[in-house]
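Please find the structures below.
Both complexes below contain chain A, partnered by chain B and then by chain C.
Coming up: the complex of A and B.
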């Protein structure tokens, strides 16, 4: 038995699912965030076999040994990966206008930090030099977005 | 200062937001529009004749198309249920309430529904229930057009009539 299946005019609905998270940072990331907020500095940790790790984890991903000393790294660095988002989804992505997800290897660090570039996207290429754009003193709250974005320099 | 502040940030609050644009498709659109008219539609498998509610385009059992929409009753039988004693964020129902699977007359599978107008402890497998619809003019064509199900007072359905429609 075959017959044309019934059809209907398109029907749709917009919905927004929200997951309000409050997560405990732990001692290591907690201090990393405090450095961003209070000192406007980016800190990593020296880890056996991995060099200077940013953001720090508190332990080695190679052998689980405890991380060593805290090391301040520059707020400038080099892009090691770029993913352009031409059509951001409002409320989901970190920027409402086109931006790029990037990995930044900060000067003095041996690992790359995930962040965004929000301006001059045509210059956001692997190898480009970037500089952190800090949130104003009264806006920094102790999150990774205390660095609003990175901008391409030189 | 050659290290970050001793006192770290303790918590980060982040709300993850997932904006959806849900498109119903033909069958679900017709199903929802029918709710506005107090009608519940299912789809009938071309091979087995089983009726699925809400309607789906193909049977997950026989893989055959379900090319016909059919109306099922707005009454049926409680096949399984749960008494809820713990509040859920975003839901304002008075506790305790009963969430149940209801196999509508004419349907091969059950739908999920609230059972009200009786004590939670009186709800049982095999209990006959009927839909309580929103009044005319207030139905929007969504699942809340059926406010809940309530006991009909009919004799219980024997287990063999619903055991395969849980």
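Coming up: the complex of A and C.
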């Protein structure tokens, strides 16, 4: 019986898989994104027991009941969490230069929105007031990055 | 099973090429709402949620059990995700059955979906796997040789595959949920392009968006419900390894063993005569003849003859896939649960225009992977 080929060390194989995707937003998230793109407005939904939820889902995550009325919230808010990214990874992170992942509780909302602060990072602290920086009219495409980032205003 | 278990609610979406009007959460909620309404129940009546779908790569949205928890009413409840390739819908429902039969939960919501339009199901289902021979064939390319082997073994004539499609399409005309509802003649099917010999385009399942949900209940609570439940007499799933030497892909042993177990447990000794209708997983035409043999309905080499005689048509001796089956609707992750749910609807007497008259005992069946995973149940109108 011959022996299997010897190797100095276990081998490895590289693999890369890529597939294109196209996701339907559905009526609720679709309307939220349309508000960003077409109105530069941020819409939430009132949900029983939770207040105003942004972004809206169309249902309560607590008991799966249908969400209530649409409510416009401010594009200003308060940071509730901050995580600085000093060395962003190209094509993976939402900014090529150092930025902060933040949670923003928009005025009029009861939930915090995950987004980024990309300038004056030393002022990005919990409790800081921030203002949405909107993308130009011809750049907005109906995504959360129609708000390019938030900037600290005090 | 340690105690009686029954299906008390079934809800499914209509199945179609692209549900661009809803997102994934909206699609599953549609099925869940229908199932709860069917059972006369609300989310608060549900103890646990068990969800299944095919590989996450199909939609590219990973961990549905995570992002759909709120949509499914699973907040502060046990939530499990099941995955066994194409058979996942069936094994997801069986997982719910196990959790109720064990006595752990009284009512479990079980859900399965696929939104194939959002990605590339054809190739995402069949990626190159590390350390094995490349088999990037797509499902049709992978299964066509098994069909050829079946034909070579049995000498089945070439029209059996197309005839199976004619029956399936005729059945789907009576099913309002079905994706492909236009009837096809034998000539119509024969005139579609050959994709993977012997499988033509017309002999291949569509790519669908769709979801199904069921409420699995303890027998005690099922009796208190507003409707007649479907009693789960038995349910088993079996897997077999892909590359075991001597494995018979035309009639996999795991399928035979699984069928024997569900029949034995349900007290069925003569499936051809004791089962009134069966919803079996036929994504490509020839698999109906193959599964008729694998499931013990007909002897080896005899499956195609039953189709040729018309014994499996609607209204005949053993109607197979009165819903139209996978050949007419295939939201992959949901397809297995649709087979089980349709079997349940038949014995509840609530299958609508495709109701098999007097159906009391039905088989629901699914397979997945390289014909490696099998999951089946027998449901009955009697406890």
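The working rule: the second predicted complex is superposed on the first by the 133 of 154 C-alpha atoms of A that agree within 3 Å, B and C clash if a C-alpha of one lies under 4 Å from a C-alpha of the other, contacts with A are read in each partner's own complex, and residues count from 1 in each chain.
By our rule, a contact is a pair of C-beta atoms (placed from the backbone, for glycine too) under 8 Å apart; a residue touches a chain by one contact, two chains touch by 3 or more.
These numbers come from a predicted model, not from an experiment.
By the touch criterion defined above, A:33 lies against chain B but remains apart from chain C after alignment on the C-alpha atoms of chain A. Of the two partner chains placed around the shared chain by superposition, chain B and chain C are both touched by A:13.
Judged by the touch definition given at the top, the superposed model places A:89 against chain B, while chain C stays out of reach. In the superposed pair of complexes, A:22 makes contact with chain B and with chain C alike.
Touching more residues of chain A than its counterpart among chain B and chain C is B. When the two structures are aligned on the shared chain, A:61 is found in touch with chain C, with no touch to chain B.
In the superposition on chain A, chain A positions 13, 15, 17, 19-25, 27-29 are in contact with chain B in one complex as well as with chain C in the other.
Of all residues in chain C, those touching chain A in their complex are 18-26, 29, 32, 43-44, 57, 59-61, 69-73, 75, 115, 117-120, 123-124, 127-128, 130-131. Contacts from chain B toward chain A in the complex involve residues 1-24, 26-30, 32-33, 46, 57, 65, 67-69, 141. The part of chain A that touches chain B in the complex is made up of residues 1-25, 27-35, 37-39, 41, 43, 69-70, 72, 89-92, 142-143.
Within the complex formed with chain C, the chain A residues making contact are 13, 15, 17, 19-29, 57-65.
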